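Paired with chain B in one complex and with chain C in the other, chain A is shared by the two complexes that follow.
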Partner chain A sequence: MYHPGDIIEAIAANLRATRNPFGIPHFIVNRWWREAGLTAHGDAMLFTGMMYQFVPYIETSTTYLAKYEDTPLAAYLRYARYAPGYLSGLGLAAITPAREKRRFDRILQDIVRLLKASEVDFYYRPELDRYSGILLYDLGDQEGFVRHARWLANRLQKAGIKKLITVDPHTTYALKELFPKYTGVRFEVHPYFELLRLGGGNGRRTTVALHDPCFYGRYLGLSDVPARALADLGIDCAPVDRSGAYTHCCGGPAESISPRLAGEVGQRRLDQLAQTGAPIVAMCPICLGNLRKLGAEVRDLSSVMAENL
Partner chain B sequence: MTLLSPDFAEELKRYSDDTALACFNCGTCTAICPLIDGHFPRKMIRYVQIGAKERILENAPELWKCLHCGLCTQTCPREANPGELILGLKRLVISHWRKA
Partner chain C sequence: MKGEGAERDRLLKEIAKCRACRFCVDVCPTYQASGGVESYCAYGRLQITKYLLNGTLAFDDALTYCLYSCLQCRRCEVMCKSKGQNLDICDILGRGRRLLSQRLAEEGNDAKL
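Showing the complex of A and B:
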């Protein structure tokens, strides 16, 4: 286990300096939309919150963290907070495989396909789509989270944004619950699957093991909605031990402080999902990344739905 | 031996909901916690109840094992909100570290 203070201060310093917890410049992280054929005007703005885009960088950084966890070298992490944000961010971006970045960009492109197929009136403005700061909230850096959240809420408010379509549970929770509480700014927030109208499907009936993330299953009580969207396409959800409000964590939230612990908790969840014998599907980038790291073949909800259109 | 701070619950109010005293230490939170790690989080909540601030600060890194998954809060029979108390303790500890 790393000293939490070292991890928190490094993330907080990056977020302060670059608005990105890893220090990676925004134009490098957010490239998925370039070939998605999106307009800049419509009823609701698609807001990715950068979580899917971050996963390849999280995977690279946690591979190194796993290597040095509980070794004498771990103590040197305390100096990470002094490294210039963009410098360490560019380094991380350079060593992260391009194929992984493309893999997670494709998930967002699949979400666009689903929204278009459902005739949802939406638009995208990449300059306004920024990280919510949720990791600092989860780690307990309330001051850092509120400062960042106020900056983002103010930016969206100034641009006249009222309605947001989100793609992951962490950003959804931040915008729906935390932003009104800590910034006083309220947006109308919908996770993308709430807006899907995809009747029919391609005629093939399949069954999947859908992993409910804690924030959708428990904090936001939304488990039934993605299951219904899958059912509309002829995809059944196998009963999973510990689901809905009682879902089991994937272990991902511990991956920066202790990759070992994240692996242990994730393996327990993976065993529960594997018991169904059905292909495993996740709908949170953190869950997807952590369960994949354990060697499981896990697909994102949007990709499974897009391929069954 | 541990020095107890009788006003610790008051201090924690700045960082968290004031629910620690609702806990009757049944251990449901520990039984349900996906960490399966000793007496976590029950032990930390007991420390809050008795004002054992020093013990919490000595064992502070343990707080970050918490995944903030909310399962303890979901199942707590006393609605003591253990998950939010642990988050509040993290905030208190960070504030303490930053002042040090």
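Showing the complex of A and C:
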């Protein structure tokens, strides 16, 4: 286990200095849109919240955290807060494989394909698409979260943004529930799969084991919506032991404090999903990253749907 | 500090509503992963938070780990609701962490509630 205070301070210091929990410059993290052919005007703004883009960096950093957990070297993490944000961020960016970054960029490109196929009127402005700060809230640094959330809400408000399309459950919850509560700013927020009208598909019938993330299953009560979007494309969801309101966590939220615990919880969930015998599908970047780290072949909901268009 | 004291009192009142039915224990993923240690479930974490807040327990690394290993997945809350008690367990633990995080940030590993 790492000391939570060290983790919180390292993340908070990076977020304060660079608006990024890892200290990686925004133009390095957010590159997926360059090949997506997006417009800057429309009805709703696509807001990724950077969670998918962060997963390769999370995987790299937690690999090192797992290596030194419960060793005398773990104590040195307390000095991470003193490392200049961009310096440590550039280091992390350099050692993260480009292949992984492309893999997660492709997921966002698949989401764009789905929205276009559903004729959703949306646009993208990369300079406004920033991290929501949700990790600080989860770890208990409410002051740091509120400071960051106010900065972001203010930016979006000044740009006249009213309607947002989100791609992950953590950002959706932050914008939908936490921003109105802590910043007083309310946006109309829709997860992308709520807007899909894909009917028909390519005629192939397949079955998948869909992992409900806690934020969709319990926090937002949206589990049925992605299952319906899959059904529209002729994709069935195999009954998974513990789904919907009773879904089982993937362990991802513990990966910064204790990669060992995150692995143990994730393995239990993986066993439940594997029991179905169907290919495993996730719809949250944290779940996707944590379940994949355990060696499972897990695909994102958007990739599976885009493949079946 | 005055605000912190009021928040501490509010949290203690909320925790006092727990009837100790323990239906939340088995469903916690970290309780299962720990092999059945009650400090790693909602009920155990509520008790730890209570005793840290009222000064019965002194703050140490093991207790910190118990509180911060909560995944905030809210599985315990589904159980609590179905048994009629309806406590916002993760919110209570999150608020406990927030009081704690402030101390951790200010005083590092020597923090006390």
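The rule is short, and it goes like this: the second predicted complex is superposed on the first by the 309 of 309 C-alpha atoms of A that agree within 3 Å, B and C clash if a C-alpha of one lies under 4 Å from a C-alpha of the other, contacts with A are read in each partner's own complex, and residues count from 1 in each chain.
The rule is simple: a residue touches a chain if its C-beta (ideal position, glycine included) is under 8 Å from a C-beta of that chain, and two chains touch if they have at least 3 such contacts.
Remember, it's a predicted structure, so these values are computed and weren't measured experimentally.
Visitor: Let's test your reading of the overlay: on chain A, do chain B and chain C clash or fit side by side?
Guide: Overlaying the two structures gives a clash between chain B and chain C.
Visitor: Could you tell me if A:142 is touching chain B, chain C, both of them or neither one (first, second, both, neither)?
Guide: Both chain B and chain C are touched by A:142.
Visitor: Check the residue A:45 against both partner chains and state whether it touches chain B (first), chain C (second), both, or neither.
Guide: A:45 contacts neither chain B nor chain C.
Visitor: Quick check on the superposed pair: does A:291 touch chain B, chain C, both, or neither? Answer first, second, both or neither.
Guide: Neither partner.
Visitor: Once chain A of both complexes is superposed, is A:5 in touch with chain B (first), chain C (second), both, or neither?
Guide: both
Visitor: Quick one: classify A:254 as touching chain B (first), chain C (second), both or neither.
Guide: both
Visitor: Where on chain A do the contacts from chain B and from chain C line up?
Guide: In chain A, positions 1, 3-5, 8, 138-142, 214, 218-219, 245-246, 248-249, 251, 253-254, 257-258, 261, 265, 268-269 sit in both the chain B and chain C interfaces.
Visitor: Would you tell me which residues of chain B are touching chain A in their complex?
Guide: 15, 34-35, 60-61, 63-65, 67-71, 74-75, 87, 89-91, 93-94, 97
Visitor: Given the complex with chain A, which residues does chain C contribute to the contact?
Guide: 29-30, 32-33, 61, 64-65, 68-69, 71-75, 77-78, 94, 97-98, 100-102, 104-105, 108-109, 111
Visitor: Which bits of chain A are touching chain C when the two form their complex?
Guide: Spelled out, the residues of chain A in touch with chain C are 1, 3-5, 8-9, 12, 78, 138-143, 214, 218-219, 245-249, 251, 253-254, 257-258, 261, 264-265, 268-269.
Visitor: Quick one: in the complex, what on chain A touches chain B?
Guide: Touch residues, chain A against chain B: 1, 3-5, 8, 138-142, 214, 218-219, 245-246, 248-249, 251-254, 257-258, 261, 265, 268-269.
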